[in-house]
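The same chain A turns up in both complexes below, where it pairs with chain B and then with chain C.
Right after this comes the complex of A and B.
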C-alpha cells in the first residue's frame, strides 16, 4: 500500500487523496481555512503550507536513488507547498509545524496577515467560540500584532438575501461561500467583488441570495462574516448545548445539530452524514424550529379542562374500554417515531381495532433533487414499514360523518388542519389526541388531549424517504423526571452540558409533555394490556428482530449515522 | 565606452528586424512588400516545414520569453500534449503589458501588428492549434482598434481563417480586450479573465499546457516573443541565436524611461552594456546629472545602484550576477535627485492597488508594505520599520499562488538592501514607544 511520511510517522493511503485531507483524516491537525472536502481547492488562504519532499528518481532506471544507508534520497521542494492542492504520492515526505520551524513560522506569519485587517470584535461575534480563525490563532498565531495602521473599512450588516447577513470586514476571502454557490448548489448567486484587500463576497447586481440552501454558507464560513439573520445575536456558542440528531421538517431526515439555550431551540446546523445529507442542510430544515419552542401545551386536558396525568390516562382508557373494536380508528403519525407508532399498533390490536392508518402530508413542488422532499413528514416510510396504510381521506371522512366511529385515536397529528374533516364532524366521536402545539386545530374537538414530546424531546427512530433508519436524540428536557431521557441527554450531547447534573442545567421553559413510549404503555396498563418495555431502545430491539422491514435497526447499529434498511418486502 | 565587454557585437550598425524603419508598416500592403507573411507561406506550403520542425527551429534559435520570466520558448511549445482531434487547444498571446516601466509590446502592436499575427499563426501551426487569442489590456484602446482593423484585412486576404493560403490549415485569431488589471498579465489569471471569470491566478500544476483555457491545452506567449517567430523562420534559428548574448539571444525592445535625454523604445540585440544603453542609445543622463539607480526590467526586478552596473550587460546571466533580472527589459533610469524612499512608496502603492486579493500574504502584505513605506516617506517612520518591512517580504515571498507577492516584495527588499542609509536618514529621530506591541519572534 502506498504511504507517505508525515513528521516521521508513516501514513498509508488508497487512491489519490489530497495531502491535507489525508493528514486531517489520520489525525494530523493542519490549520486551514479555504479548504473544504466537498469543493475545489483554490489554495488561497495559504494557511496549510508544509514542506514537501519526494524521492529523487533516477532518470535512467526510473527508480528512486538511494543514499548510503539504502534509503531513498528525498528532494524537498524549494518553496513551501499548500497541502490542500497537492495529491499525496507514494514515498512523499512531509514536514508540518510539528517538525519544521519553517512551517511553524509560515503559519504564524499567515495568521498575522489574516488578522491585520480582521476586526477585533470577537466579543460581539456569533462565530466566537467555534471560530476556526480564533482557534487557529490560539494554536498557531502570533502573540501580538505589529500592525499600527487603520484597518480596512468594508460594508457591514449587508443583507445578502432574506436569510444571510454579511459583515465584509470579518471576511478573510477564503471563497468557500462563492465555491458553494458555484460548485455545490450551482445557484451562482455569490461572487467576490472589488480587488485586493478591499475584496468581499457579494451578489451580482439585481440578484438576491435567496436559494433554498443559502444558509450553508454560514456554516462553512471560517469566520463570522456570514451570519444567520434568524439566529444572530441570540446566544453565544458557549451558552448553548449542541445535540446530534436529525431534522424532521421533510422526509429526508438530514442530520443536524440542535443548539439549545434555556431549553429552547436557538439554531439548527448541519451534521455531516455522507449517506444522507453529506455536509449540507436545507434552509427549511433550519428555520422550522418554532414548533419546538412556541405554543406548547401546559399539560393534559379532558374536554379542555386541565387534569393531572393519571386522570388523563384513565380517561383515555375509559374511552377505549367501552368501545367496540371495529368502531375505533387509530391514526398513527408520520410525525411520530417508529417506536411510538409501533406501540400504538400494539394498543390497537389489543383493543380489537384495525391496524392504524396515517395521514400523508405532501406539498407538490417543495421537493427537489437534493435534500428537500414533497413529503413534509419525517417518518412516512417508518409508518409504511409498520404496515400502516395512508388513510383514504374521503372514506374516513364519510365514516366519521356517518357516525360510523365511536373513538378516533390520533397520535401526534392534526386531522382537522390537514383537511380530513372539520371539528364539527368530530362532535359525535370521542377524540383522543396526542399533540405538540396548542395551535393544533383538532384540539377543540378532543375529549382527551395528551401533550406529546416533540422530536427534540424524545428518543426514537425515524426512517427517511430512502429507507435510512436514524435515531432522534433529546436536545432539551421536559418537565418531570424521566430517567431514560436524562440518561440519553447526558450521553448524546457532545458537550455534556445541560444535564441535571451540571451547572448549565436550566429549569425554564420545561414543557409538561410525555413521549409516546411513556404515555401509550401507561394507557395500556390502565386497560390491563401487557406492554412492558424498559424504553425505546428495547422497543426497537424487539422490532428489529420481529419485523423484517426493520431488520438491523437496533440503537447500537444505528449509532450516529443510521442504517440503510432493505427495500420494503425484501428480506435482508 | 569599452565595447569589448558588450555581448551585442557591432550594435551601432544593427539593422532593426522587429520594428524595421519602414513607413506605414502597420498597413497590410506595406507589410506584404517587406516579406510580410512570407514565413507563414513557407511554413504552410513547403515540405520543409512541419509542426515539429518549426518547434525545433525555435528551440535552435534559443529564443527566451520576453514577458519577464525568460523561459525558453521552443521548450514551452513542446510541452503541449500530443494532438487529439477531439480536444481543442489554444494559443494565447499575452498583450496585457502593464508592469510599470514596460511599454514595448504596444510599439509592436502599433507599428508592426501583422508581425504579431504572423507569429501567432506560426506558433499555432507549430502546436497544431486552431484558435489563437490575443489578449490586450483594456487601456490600450487605440491599439485594440488598430489591431482589429488590421486583423480584418488579414482575414480578407486569407492569411487568417479557413484554409490559409490553400494549405488546408485553418486558424482563427480572436482579439480579447481586458478590463484593466495588472494581474491579468499573469498567465493563469489571464486565462480566467479570458473565460469571463474573475481574474484570479490558478494553482499550478496543472500547467496551461495540460489544463489551460476552458480546461484545454494552452500555450501562452508574450507579444514580442511571438513576433520573433516569423524572423526565425525567414532567417533561420542559427541566425537568431547569433544575435546578442549567446545564452539569451535575439533582438530585444529596450523600453528606456526616466531621467535620460532620449527616452523611448529601442531595438537592439540582447547583451547590450547598460552604460551603452544609457549614455549612447538614450542620449545620456538628462541635464548632465549623475545616475543614481536603475531598474533593468520592469518595476519588480531588483533595483541596481549606479556603482553596480559597470560592465553589466542586458541578458539573464549578466544581470543575475549583478543581482537583478532581465524581466521585460523595461529600464527605469533614476538620477541623483530621486528620493528613493518616495519612489518605493509609489511602487508599493501600485502593487497594493493591483493585488487581486486571492492569497492572504499578498492581499494583506501589499497594503501593509505601503503603509509602512508611506510612513517612512513622510518622516514618521522608525528604524524598526525597516526590519518589519524585510520581515514582511520574507512572509510574502514564495508563499502565494502567483508571483505577484514576490514582485511586490522584491522592490522593497532590494531597495532597502541597496539604499538603507537613505531610509535611515528619513526615519523619525524621535523615539516612539512601540505602543505595547508585542514582539513576535
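Right after this comes the complex of A and C.
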C-alpha cells in the first residue's frame, strides 16, 4: 500500500487523497480554513502550508536515488506547499508545524495577516467558542497584532437573504460560501465582489440569497461572517448542550444536532452522515424547532379538565374496555417512532381492533432531488414496514360520520387539522389523543388527551424515505421522568469542548409529557394486557428479529448513523 | 489609496438599483452575439470569455449597470453572480456612468515621485471637480489610478482605458484637454520593450522624435 511520512510517522493511503484530507483523517491536526472535503480546493487561505518532499528519481533507472544508508534521497520543494490542493503520492515526506520551524512560522504569520482587518472583538461575536479562526489563532497564532492602522470597515449586519446575515468585516474571503452555491447547491446566488482589502461576499444586484439550502453557508463559514438570522446572538455556544439526532421535518431524516439551552431547542445544525445528508441540512430542517418549545401541553386532560397521569391512563383503558373491536379505530402516526407505533399495533390487536392505519401528510412540490421530500412526516416508511396502511380518508370520514365508530385512538397526529373530519363529526366518538402541541385542532374533541414527547424528548427509531433506519436521541428532558430516560442518555453530557458540564440539570421549561413507549404500556397494563419492555431498545431488539422489514435495526447496529434496511416489505 | 488608509470604509453597492438601460435597448446585435460566441469557442469553458464580452458591452453601453452584466452572463451562459464578481473586480469596468473621457491619472510610486499628484491636482483645479467626479458637461471624469505600467515615462495618464499620455506636464495637460474638447483623442503610443532599446538609440518611446520632453524628463515642481 502506498504511504507517506508525516513528521516521521508513516501513513498508508488508498487512491489519491488530498494531502490535507489524509492528514486530518489520520489524526494529524493541520490548521486550515478554505478547504472543505466536499468542494474544490482553491488554496486561498494559505493556512495549511507544509513542507513537502518527494523521493529523488534517477532518470536512467526510474528508481529513487539512495543515500549511503540505503534510504531514498528526499528532495524538498523550495517553497511551502498548500496541503489542501496537493495530492498525496507514494513516498512523499511531509513536515508539519510539529517538526518544522518554518511551517510553524508560516502558520503564525499567515494568521497575523488574516487578522489584520478582522475585528478582534470575539467577546461580542456570535461565532466565539466555535470559531476555527479563534481556535487556530489560540493554537498557532501570534500573541498580538503589529498592525497600527485603522482596520477596514465593511458592511455589517447585511441580510444576504431572508435567513442569512453577513458581517463583511469578519469575512476572511475563504470562498467556502461561494463555492457552496456554485458547486453544491448550484444556486449561484453569491459571489465575492470588489478586490483586495475591499472584497467580501455579496449577491449580485436584484438577487436575494434565498435558496432552500442557504443556511449551510453559516456552518461552513470558518469565522463569524455568516450568521443565522433566526438564532444569532440567542445563546453562546458554551451555554448549550448539543445532541446528535435526526431531523423530523420531512421524510429524509437528515442527521442533525439539536442545541439546547434551558430545556429549549435554540438551534439545529447539520451532522455529517455520508449515507443520508452528507454535510448538509436544508433550511426547513433547521427552522421548525418552535413546535418543540412553544404551545406545549401542561399535562393530561379528560374532556379538557386537568387530571393526573394515572387517572388519564385509566380513562383510556375505560374507553377501550367496553368497546367492540370492530368499532375501534387506531390511527398510528408517521410522526411517531417505530417503537411507539409497534406498541400501538400490539394494543390494537389485544383489544381486537384491526391493524392501525396512519394519515399521510404530503405537500406536492415541497420535495426536490436532494434533501427535501413531499412527505412532511419523518416515519411513513416505518409505518409501512409495520404493515400500516395509509388511511383511506373518505372511507374513514364516512365511517365516523355515519356513527360506525365508538372509539378513535389517535397516536401523535391531528386528524381535524389534516382534514380527515371536523371536530363536530367526532362528537359521538370517544377520542383518545396523544398530542404534541396545544394548538392541535383535534384536542377540543378529545375525551382523553395525553401529552406526548416530541422527537427531541424521546428515544426511538425512524425510517427515512430511502429505508434508512435511524435513532432519535432525547435532546432535552421532560417533567417527572428519571432524566436519563431509560439510560439512553448519559447522566452527564459533554459540551462542545468535551467538558462534562451537566446541561441536563435544569428545571426550567420541563414539559409534562410522556413518550409513547411509557404511556402505551401503562394503558395496556390497566387493561391487563401483557406489554413488558424495559425500554425502546428492547422493543427494537424484538422487532428487528420478529419482523423482516426491520431486520438488523437494533440500537447497537443503528448507532450514530443508522442502518439501511433491505427492500423487503416496502410497499410504498 | 492614501485616502483609503486614513478612511478605510467600504460601501455597500445598491442591491436593488433602478434599471437604467431600457429593455428594448438591452440587446446584442447578431454580429455582437457572433463575436461573443467566437470568443466563447476559444476557451475550454464559457466563463473564459467573460472579460472580453464585458468589454464589448462596456463599449456598446458606455458602462456596465447590473442589467448589462446580466445580459452578458446570459449571452455566454454563465451565472450572473460570476459575471458580476468579475465586473466589480476590475476598476476598468465602469459600474456607473462616467464622463465621455475618463482620465486615469497615475499616482503610484514612480509617477508620484515625478509629480503624479501635481498633475492630478492641476487637472482637478482646471476642471473644477475632484477625482472620482464627472464635470457638469459630462465630458470628463477624473480618477486616480495605480501603476499603469508606464513608469518609464512618468508621470502619465490614460484616457478612457485607451491611449496613454506620457511625460505629463501642465502644458501637455492643457493641450490634451483642449484636444479632447474638440473630440480629438490622441493616438496610442506604446512603450518600447527593453529588447528594442538599442535600435531606438536607448530610447523607450516609439514616438521619440515627436517628444521633446523625453530628452529632458519632466521634474515635479515639488521635487527639485
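Convention: the second predicted complex is superposed on the first by the 551 of 572 C-alpha atoms of A that agree within 3 Å, B and C clash if a C-alpha of one lies under 4 Å from a C-alpha of the other, contacts with A are read in each partner's own complex, and residues count from 1 in each chain.
We take it that a contact is a pair of C-beta atoms (placed from the backbone, for glycine too) under 8 Å apart; a residue touches a chain by one contact, two chains touch by 3 or more.
Quick caveat: nothing in here was measured; it's all calculated off a predicted structure.
Trainee: Given the alignment on chain A, is it a clash or a fit between chain B and chain C?
Mentor: The answer is clash.
Trainee: So, does A:207 touch the first partner chain B, the second partner chain C, both, or neither?
Mentor: second
Trainee: Could you look at A:27 and tell me whether it touches chain B, chain C, both or neither (first, second, both, neither)?
Mentor: neither
Trainee: Of the partners chain B and chain C, which touch A:62 in the superposed model: first, second, both, neither?
Mentor: neither
Trainee: Taking the superposition on A as described, I'd like to know which of chain B and chain C A:15 touches: first, second, both or neither.
Mentor: A:15: touches no partner chain.
Trainee: Applying the document's definition of touching, compare chain B and chain C: which contacts more of chain A?
Mentor: More residues of chain A are touched by B.
Trainee: Applying the document's definition of touch, where does A:190 land relative to chain B and chain C: first, second, both, or neither?
Mentor: second
Trainee: For A:365, decide between first (touching chain B), second (touching chain C), both and neither.
Mentor: neither
Trainee: Of the partners chain B and chain C, which touch A:113 in the superposed model: first, second, both, neither?
Mentor: A:113 sits against chain B, while chain C stays out of touch.
Trainee: Considering only touches as defined above, state whether A:123 meets chain B (first), chain C (second), both or neither.
Mentor: A:123: touches no partner chain.
Trainee: Answer with first, second, both or neither: which of chain B and chain C does A:70 touch in the superposed model?
Mentor: Neither chain B nor chain C is touched by A:70.
Trainee: Between 76-84, 148-156, 238-246 or 256-264, which chain B stretch has C-alpha clashes with chain C?
Mentor: 256-264
Trainee: Return the residues of chain A at which the contacts from chain B and from chain C coincide.
Mentor: The answer is residues 149, 152, 191-192, 194-195, 197-198 of chain A.
Trainee: With touch defined as at the start, can you tell me which chain B residues reach chain A in the complex?
Mentor: Per the touch definition, chain B meets chain A at residues 181, 198, 200, 202-203, 352-361, 363-368, 371, 388, 394-395, 398-401, 435, 437-440.
Trainee: Which residues of chain A touch chain C in their complex?
Mentor: It is residues 149-155, 158, 168, 181-182, 188-195, 197-198, 200, 202-207 of chain A that touch chain C.
Trainee: Please name which positions on chain A make contact with chain B in the complex.
Mentor: Residues 41-47, 49, 78-80, 82, 85, 106, 108-110, 112-114, 116-117, 142-149, 152, 172-173, 175, 191-192, 194-199 of chain A touch chain B in their complex.
Trainee: For chain C, which residues are in contact with chain A within the complex?
Mentor: By the definition above, chain C touches chain A via 4-17, 66, 69-70, 79-82, 84-85, 88-90.
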